[in-house]
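By letter and in written order, the chains are A, B and C; residue numbering begins at 1 in each of them.
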Amino acid sequence: MRKIKELIIEKSLLSSALITIAVTLGIILVLSVETVRFFSEVSIFDFFTDTQWTPLFTEKHFGILPLLSGTFLTSFIAIAFALPIGLSISIYLSEYAPKSFRKSVKPLLELLAAVPTVVYGFFALVVVTPFLQDIIPNLSGFNSLSAGLVMGIMIIPYISSISEDALHSVPDSLREASYGMGSTKFQTAFKVIVPAASSGIIVSIILAISRAIGETMIVAVAAGQQPRLTLDPTVPIETITAYIVQVSLGDVQHGSLEYRTIFAAGITLFVFTFLLNTLSYRIRKKYQEKYE
Amino acid sequence: MAAEMEIIMEKPIKEPKILGSVIDPSLKKKPKIEVTGSKVWYGDFQAIKGIDMNIKANSVTAFIGPSGCGKSTFLRLFNRMNDYVDTFKMEGKVKIDGKNIYKKKVNVEELRKEVGMVFQKPNPFPKSIFENVAYGLKIQGIKDKKFIDERVEKALRQADLWNEVKDNLKKSGLALSGGQQQRLCIARTLAVEPSIILMDEPTSALDPISTAKIEELIFELKKKYTIVIVTHNMQQASRISDFTAFFYMGELIEFDKTKTIFTNPSKKQTENYITGRFG
Amino acid sequence: MNSIRKNRIKDQIFRYWGIFCTAIGLVLLSVFIGDILIDGLRRIDWDFITSLPSRKPEKSGIYTALMGSIWILLLTTIIAFPIGVAAGIYLEEYGKKNKFSGILEINISNLAGVPSIIYGLLGLEVFVRIMNLGASVLAGSLTLSLLILPIVIVATREAIKAVPTSVIDASYALGASKWQTIWHQILPASSGGILTGVILALSRAVGETAPLIVVGALAYVPFAPESPMDEFSVLPIQIFNWISRPQHGFIENAAAAIIILLCITFIMNGIAVYFRNKWQQKWK
């Protein structure tokens, strides 16, 4: 009967959709189980307060702070570079540039995000670091500054594209009101349009931050493998992601404490990106209702 | 040529599939469509406030009235297109050939083969002319190529489009002019040989010449089909319909022979609308 | 008077600043690519493409990594394409009515933001260990499929949304069932958009490194995979490996391999954009 066939098709399609739930559950389960096992041998207090991370040395320390500081230092540099540039691009394209320019430039910018990150890592190590070493004499071969700047280049489209969409969707009536009073484009953009699109812009920033802290290859290639609790951008550090790569390349025994460290580090990363993504989703939903 | 004419004009006797019963000769006297006590809500908004109506077979009935008065909603009761609106709720009976089509056991897809619909904006599929007309047959599982070819030609002739497209049936349906596209949509509906054709403002998006062509077509078609047409154009209603129903704010104000409605309406409201005092 | 002039100047300055910012990213990218071409172009020849990796940079080639990448690409397509499109169809055509679909939506949006290395950890535990697939091409492809699944789903949904409702109404009005309407009308009409999304997702997969490293793709593989259960390497991992070596010859190799990887990536992106434009033209 036709109705049975339709039902079977619907349920098969549903099962494909349910795989996405299975993936999330899988991630949470896998990370949690190994982390719990990890904490059966390492105290939670040490994990959060020890200032050294040396699970692969003979004298083992399991403090996550150095990895966290490495992650946030590189991400901070990336955002500090990408935010003003990305935002300026979005304002320029939305408020100043002619339509044809906007149309042709947008896909070019998105090209920046399409380049494989290992390629960016190469640039950071082989091009940017030597270049910066001429300017900053003490810059070591592996450092968070080069990695951060190159990461920033990669992140520009995350901020510029989403912010530009947000600015573009602000109704023209607001612009007309502002121009009608004799304001320049600059005043209109910064005093009227940007505030109106603020939630969209904030969403883009949150997504960019989330992307930055989850980035692996640029930092694995160029930032170093020395976990260090520091804010100095000229020295080698290690991020959470680079540590996981380091262990995966080595000969760590499955089931050992050292093996479990990658899950403990991983779940820390996951928690941060999860919170950021949930926050941006909430803001996005709220602001969609505003303009619909 | 004579043989072809016979094929076109001959409408095979079919058993109405939704009913599963043989045609009862006495049915010819009964109304084709019979509506009792119908009420429709979209959420909290009541779009139809209690309407009874009988529609005669092989006639053209026009629904007229100002925008938002419920005529399209009422029309869509006959082929259950309202079912797709989430907030739709209805009460009352809608009987076609004596059987209530809103009963649970009624197969909606079978219903729509009996009751076809042509929409306001021509909506041919992004496929070839042939594929457009053959679609309704293909989804019924009909595979006989010869049968499909014959039906497609018959439908295109009935829709007065055959001569304009017969040399290139593979051309995309979207490449035709607006008026031709609408006739293609009519052919598409005719190919499945329904007994009722619903038309929701079929010419409002067309130029006057295409409109005239389609009105001629409706005039021809009513010999074989029961047609219900929603229209904003009162001259159109008075030109082509046998019966007219005037709707206002979800209610049926007046329903009578078209001649009566337009020359001697019994309700003041009807007269006001017809003479252009509002709407 | 004075403040009007000041405002005009600010306006002009910002205009130039905006152009500068727009250019800077692309200028830097061009500089990088120029550098790559200088470093690596001369290293590319038929030997480079067909040689296996070796300890000597002059003898090393990308053959095994390239084969690995092609295997991964094909398997990932086979896995992710049907599942992603099916899930997208469900969410867009069947799932609208219940609260459950809201949860599915949030979940997919979240998965799209999970760092790729986390998918690597998932793949390591589930595919490599629990399902006992080892560090095989299959395990790597399954992991990457999960990674790109949200992209394929979103692309499918967007493509389906763009199909005009008038065409869908016409199909139902002729008595077609829901699945018939999807199969005969909606999918053909949205195929361009879906294809675009899938190709973009795959071009992302071809450049992925971290999750495959975690799953266990080796940096030094002396053979090309011959079955889905074989061990493997991929082009980005080979590049990563070469960058980590001290000899300068390997930097040249890395640059050459990057040129090839970028060519593959840009060609795939180009094809996707071509399909997107063709498909958008259909509706004009």
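The criterion applied here is as follows: a residue touches a chain if its C-beta (ideal position, glycine included) is under 8 Å from a C-beta of that chain, and two chains touch if they have at least 3 such contacts.
All values derive from a computational prediction rather than experimental measurement.
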{"item": "Reference chain C; chain at largest CA-centroid distance", "value": "B"}
{"item": "Middle chain, criterion being Cα centroid separation", "value": "C"}
{"item": "Centre-to-centre distance between chain C and chain B (centres being mean Cα positions), rounded to whole Å", "value": "49"}
{"item": "Intercentroid distance (Cα basis), chain B paired with chain A, Å", "value": "56"}
{"item": "Chain A and chain C, separation of their C-alpha mean positions in angstrom", "value": "17"}
{"item": "Per-residue multi-chain contacts in chain C, two or more chains", "value": "177"}
{"item": "Residue numbers of chain B (touch at least two other chains)", "value": "109"}
{"item": "Residues of chain A engaged with two or more neighbouring chains", "value": "2"}
{"item": "Residue ranges of chain A in contact with chain C within the complex", "value": "2, 5-6, 9-10, 12-14, 16-17, 19-21, 23-24, 26-27, 30-31, 34, 84-86, 88-89, 91-93, 96-97, 105, 107-109, 111-112, 114-119, 121-123, 125-127, 153, 156-157, 183-187, 189, 207, 210-211, 213-217, 220-221, 241, 244-245, 248-249, 254, 262-263, 266, 269-270, 273-274, 276-278, 280-281"}
{"item": "Contact set on chain B toward chain C in their complex", "value": "79, 81, 84, 86, 109-113, 116-117, 119, 121, 123-126, 135-136, 138-140, 185, 188-189, 192"}
{"item": "Chain B contact footprint on chain C (complex, rising order)", "value": "97, 164, 166-167, 169-177, 180, 184-185, 188-189, 282"}
{"item": "Complex interface listing, chain C residues touching chain A", "value": "7-8, 10-11, 14-15, 17-19, 21-22, 24-26, 28-29, 31-32, 35-36, 39, 82-84, 86-87, 89-91, 94-95, 103-104, 106-111, 113-122, 124-126, 129, 146, 149-150, 153, 177-179, 203-204, 206-210, 213-214, 216, 219, 236, 239-240, 243-244, 251, 254-255, 258, 261-262, 265-266, 269, 273"}
